[in-house]
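Each of the next two complexes has chain A plus one more chain, namely chain B in the first and chain C in the second.
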Partner chain A sequence: MNENYAVPAVALVVVATVFVGAFGLRISRTTSDFYVASRTVGPRLNAAAISGEYLSAASFLGIAGLVLVQGPDMLWYPVGYTAGYLVLLLFVAAPLRRSGAYTLPDFAEARLASQSVRRLAGAFVVGVGWLYLLPQLQGAGLTLNVLTGAPKSLGGIIVAVVVVATVAAGGMRSITFVQAFQYWLKLTALLVPALFLVLAWQGDGSPRNAFDEPAAFREHRVVRVDSGLDLKLAAPLNVTATGTVDGERYEDEKVRLTEGVHRIAQGTRLGFTKGDHVPVADRGSNGGMSTSLAEGREDRPLYATYGLILATFLGTMGLPHVVVRFYTSPNGVAARRTTVVVLGLIGAFYLLPPVYGALGRLYAPELTLTGDADAAVLLLPDRVIGGLGGDLLGALVAGGAFAAFLSTASGLTMAVAGVLTQDVLPARGVRHFRLGTVLSMIVPLMASVVVGGLPVADAVGLAFAVSASSFCPLLVLGIWWRRLTPPGAAAGMLVGGGSALLAVAATMAGFPGTGPLHALLAWPALWSVPLGFLTMVLVSLATPGLVPAGTAAILARFHLPEQVSGGQVRTAVSAKEVDA
Partner chain B sequence: MSGFLAGLLVAVLPLLAAGFWLGRRTTRPRSLGGLGTPVEHATFETLHTASLAAPPLRAGLTEETARKSARRLRTLLGTDALCLTDQDTVLAWEGVGEHHKTQIMDRLSGPLENGRGEAFRLDCVEPDCPVRWAVVAPLTVDDRVHGALVACAPRESAVLVRATGEVARWVSVQLELADLDQSRTRLIEAEIKALRAQISPHFIFNSLAVIASFVRTDPERARELLLEFADFTRYSFRRHGDFTTLADELHAIDHYLTLVRARFGDRLSVTLQIAPEVLPVTLPFLCLQPLVENAVKHGLEGGTGQVDKSHISITAQDAGAEALVVIEDDGPGMDPAWLRRILAGEVSPSGGIGLSNVDDRLRQVYGDDYGLVIETALGAGMKITARLPKYQPGVHSAGRLSRE
Partner chain C sequence: MAQDPTDRRVVVTGPPRRTRRLNGYRPRTEIDEQTTLGHTYVRSLIRSQLRAALTVFGVLVLLVGPLPLVFTSMNDSTNLEWLVLGFCVYPPLVLLARWYVRRADRNERDFVRLVEDR
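After this line comes the complex of A and B, so read on.
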């Protein structure tokens, strides 16, 4: 990796982001283009903005890493991330927009007219936001570490500072244009190198054994082990070792590793020859984003897959930074159209990371050993193409990766800061949005510095699980079920989201290392989502007297097009309420 | 290790928040406990209970508010059962003996008619029913009987009669306040309607005069201006809905400015900077156009003598959960003390009514934190900033939804 190109590319992305954010307003100086300046955001622009904000580090780097390490099973991640918008489109998008709510707490208040449910929803928004910000910061640290060898926390700090500075200083005056720009930047940054990589792969004779188990080295390769690990060998293997293997010191010597488990110390270099199978690393939770909750997954792959599907399908609608973007659509129909375009844009983007994953398995299989599998996307151009072209493409990818961190992090920060300033911090005249911004960034930043090596792809998955078990019941039942009551909503969110959060905490703390209980806790969505729904329904049915007054009118507003619900229908609805 | 730390953090944060919340909820009443003599303590308790019962009643007498306050009122009176009624039905029954509902309603016609309190015995077939005696006290607002408060007890008691009467009077005061709130809302709604009518005369005469001046020289332009005029008046005279979106309001401002520019020509220039994500923000109908009108008047007509050129800039920015709208002119400015008196309603010069009315309406809809912020000084132009929350309960561009 040549940092002479990568660092300027990253800097360029940062500067471009700030620039578009600060000057992306529509300005008109004559009245003739007044109409253009005050035109609402169309579905295509808004969809690009939503996609730009949504495609995070986990998508840009993590999925390729997951596919590289664990094979095509991991394709459920991009499928789930995309299909979440299908659920959003079918059940939530238009009614949510028609409710007039800007954030999820706003929706809770609009639907249930209850301040306490609003506060509870706010707490969950902050929780989900922080859980989601953490991997963004860690991903930035990893990227910078791979690019320049800087300490792993530096990248996160840079992203945090840039985001807080632009958001707090009011620099993001027009976030829609910034995010749309980031989407196209990210797509380009993956698409262009991918084309070259595929050409190079064809020139290489199109090897097709990417997912043969286990992966094999295609050339002589020296691997440096950055953190100690245990190698599990199914067959004996000859390597050239410099460093400590099984407690013995070697200096560029040939070692025959027998079948079984071998301890490789930190800093050891292992030389593999062409055709060697890549040994399986047996590691704890010390890796980057892709090390995943591998044990639970291997024990119960079917359960884990369903847990993942449920969390991503239903969790997308509760992501705070996604929800606020829908407010930009002028009406419910536009919100629905926007979602359709988002499906297309995100679907197109997610075709690319698996390509990197497959090529990574062919050309950089040792990444499964070193725990830096997330760097696959960053390393591949240099590895496969090399030379100046490889450097330039690598710089492009690096810029795209930073765009991913910046866009998602700034969107999340704004969403969390909005909730903090509105519902948590005391209001004093001009509400201190800046303090909220700093607060919403400092907590995940501290967490990412303190708990350096966390399995971070899981943090994203867990954020989805918490969102799916708390906000999905609230949104779906709030929009489609007229007997929902405030106590029911509060209890459902607390039980569903709370249990998912506890499971997340237990998993992160490494509470039960293995076994069925671990799988249950590591993939909580499969039981916590139904639990949330069930609690919400049962408590609501138990408190029928507390259905908010005017529910029928509010639901009519959610479901009728704006033109209709303006005047005459309201009288019809109130007549109906008198009957009831 | 690091994973454990992370887990601990995630687990501890919600617990801390829950503890903080619980602590705040539980300590508030207890802090009164250490104060004063037992008598004073009892007074505190009573006042506290009364203050808890007050807020729901401030929304008027409905089934929901009656249910919420009835519990507190029963604690206040210390009876076995308490019920609140309106003219014809029981709104809320708190405590035991709900089977007496119809019996009590039958006996209520008298007190509800003449507005005088009454106490009577209740017949009951159940031998262990503790409700044997009912005290009725009417709830009156402006000498009209709105309902009644009925306290039930096992036996006759003069103390209870007296206490019930006092509590009923206290409830009546709360209901009167609710009535006042309602009439204040109605007043402001009337003001909004008044403002709509207010735009027209001045502006209509000027616009028509300008259009007339173009009819011979430039008929095509005159036609366009007439259409703009039609669009603007259609918007400002529309009857449905108290709210509109920022996009619609800006379009109205566009029509308005086109007409004004036809009159002033090059003397007026306008810059517009809009962040497109704030365009769907809902705001009170016609609350920015008066500000622009004010800026135009102020920049070109106001002050001492005529000004040659004036520049107005309109900015709408995204600021988290709010939209920030700034309208700035480089006119002669205004004395802040004078402006303060205009906003306080002490003086009403021409053109000032718009400002104070917009200020009042913003405060009424969004709360006192959201009044206009005006920065001005003599000779330094004027900058008006309005903050519009993106979401406010009850504010919706499709119209106001009443929860009753």
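After this line comes the complex of A and C, so read on.
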């Protein structure tokens, strides 16, 4: 891949982000400007901003990589990411806007009048936010590494610096412009190369064996194995090897690999001939981003699919960077209309990654072996089209990928910094918000440098599962059920979210190995979401005396249209004061 | 202009304070003052909104829920999976969202008309 074009493209995206952010800075003046853009963002701008923020490294690179490695089953990811917005629209969008709170902890406090529930929600926001920031930084590192061979931590550091600068300088208002701009950039960066790729594919005689299982090489290809892996062969295979296979050194020699598992050492080059089936890397041995928790799928594919559906459908509403955007709508009706536009925008975007996944299976099947399947989107233009056109399209894709890291990271930083400023740092105000921004980015940055390769899909999947098991019950019951009590909410969040967190942490540490238990822990949403809801309901019912006194007035404020609730808000506030 | 001048004269010559209070009464006052009647109004709105949300959610579950089962039960579902999950599932999601927003907005308009007594 030619870095002469890709590096300027990435630099251009970074500069444009800072420039558009500075445009917001000129009109960002008050604290309210900082947090929620003074609540004057119209549906179209806000919808583009929400979509721009939502389409992260996992969407831009991860889905194509997953589809490439594991086939069309993985298309449930984009479907879930989109349908999550429909569920959010149905149960949360307008009432959340009308609750008049800045952040999720604000919502918890407004609804339940409890400082401890507020702090617990804040802890989950920071936790989920950090989990989600980590893969963005690592995706940036991978992209820069694939493009230029730069060290893997450099991309993450660039993203961290740019995001902290834009967020700390302009806050939400400038972020709104930046995000909206980046949605269109991302769509263009995937759409234009995809059109050319499809044309090239047609010119190639529209080969259809992309969906064959397993994928086959279409031409002679030499694969360099970046990190050692175990190859699992269902049938004998002849390869040309340079390096170490099963402990023996080879120097450009023909090797006949028998059926079974073969150990390929790091740095080995394997030459495959046309028509060879692409061998399968044994479970978890190549540590790539797209290997993901998907091992669980082999054990219990149906269970895993439903676990994925539940986590993404219900988890979206609790993602801190998604929720905070709804406060920027001028009113509840606008919040609903915004969500419909968002559904259209992200639905349109998600038509594209599967195209890359399918073409990647055809033209770059060896990516399943190298552990860099997430780089499929970046490599395809060069591989399929080649020449100057391939380089330019590759540069466009690289720019779009950086837009993805920057926008999602900005939104998450915004949300985490909001919580840190309001609940952790001693005083409020713009200066402390800037300190909070630095704090909220430095932790995941350190983690990404220290921990190294946590797969994108794993971390994002974990964030969705935790959010679905903790914030989804809090929001849905908080908005629609008047008997929710503070102890119920706290217990539900702790039991649901906490167990989901423990389950996926255990899976990542490789604790249960294989079998049904492994599937249960790798896809926790199917049991942890009901557990969260059930705990919240049962504990609330067991503590009926603790229903906050102003509940009826607050629920009325959530649901009444603004033209009616004008007087209602005042009443709710005075009722609260009387209770206190 | 009022079509019946007689009516208009009655309004002007009536006892001012009493007439104002009668005309000024709106169910909205019940909501502002949080009377039992006011709570009932609010509850009815929440119920109708929840009903709309649950209806659309039900359609979503019926639409998407059986898909993994269908794919598993088929022998060669790959092409169908690409077609359905890669493309066909998105338009219904947007249509469902639009339908819900229209219904939720209408619920609110009806409610405003009711309590503002217009």
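Convention: the second predicted complex is superposed on the first by the 537 of 580 C-alpha atoms of A that agree within 3 Å, B and C clash if a C-alpha of one lies under 4 Å from a C-alpha of the other, contacts with A are read in each partner's own complex, and residues count from 1 in each chain.
By definition in this document, a residue touches a chain if its C-beta (ideal position, glycine included) is under 8 Å from a C-beta of that chain, and two chains touch if they have at least 3 such contacts.
The structure displayed is predicted, hence computed values, not measured ones.
Novice: Give one of first, second, both or neither to describe whether A:509 is in contact with chain B, with chain C, with both, or with none.
Specialist: After superposition on chain A, A:509 lies in contact with chain B alone.
Novice: Could you figure out whether chain B or chain C reaches more residues of chain A?
Specialist: After superposing on chain A, more of chain A is contacted by B.
Novice: Which of the two partners, first being chain B and second being chain C, lies in contact with A:196: first, second, both, or neither?
Specialist: neither
Novice: State whether A:82 touches chain B only (first), chain C only (second), both chains, or neither.
Specialist: Only chain C is touched by A:82; chain B is not.
Novice: Touching A:184, do we find chain B (first), chain C (second), both, or neither?
Specialist: A:184: touches no partner chain.
Novice: Does the superposition put A:553 against chain B (first), chain C (second), both, or neither?
Specialist: Both chain B and chain C are touched by A:553.
Novice: Quick check on my understanding: which residues of chain A belong to both its chain B contact set and its chain C contact set?
Specialist: Comparing the two interfaces on chain A, one with chain B and one with chain C, the shared residues are 553, 567.
Novice: Quick check: in the complex, which residue numbers of chain B touch chain A?
Specialist: 2-11, 13-14, 17, 64, 67, 240-241, 245, 247, 250-251, 254, 257-258, 261, 269-277, 279-280, 282, 317-322, 369, 387, 390-391, 393, 395-399, 401-404
Novice: Please output the residues of chain A touching chain C within their complex, sorted ascending.
Specialist: 71-73, 75-76, 78-79, 82-83, 85-87, 89-91, 94, 211, 213, 301-302, 305-306, 309, 333, 336-337, 339-340, 343-344, 347-348, 350-351, 354, 358, 480, 552-553, 555-556, 559-561, 563-564, 567-568, 571, 575
Novice: Give every residue of chain A touching chain B within the complex, in rising order.
Specialist: Those in contact with chain B are residues 25-29, 31, 34-35, 37-41, 45, 100-103, 106, 109-110, 113, 123, 127, 131, 170, 172-176, 285, 327-330, 414, 417-418, 421-422, 427, 429-431, 433, 436, 447, 450-455, 498, 501-502, 504-511, 545, 548-550, 553-554, 557, 562, 565-567, 570.
Novice: Can you check the complex and tell me which residues of chain C touch chain A?
Specialist: Of all residues in chain C, those touching chain A are 28, 31-34, 39, 42, 45-46, 49-50, 53, 56-57, 60, 64, 68-69, 72, 78-79, 81-82, 85-87, 89-91, 93-94, 96-98, 100-101, 104-105, 108, 111-112, 115-116.
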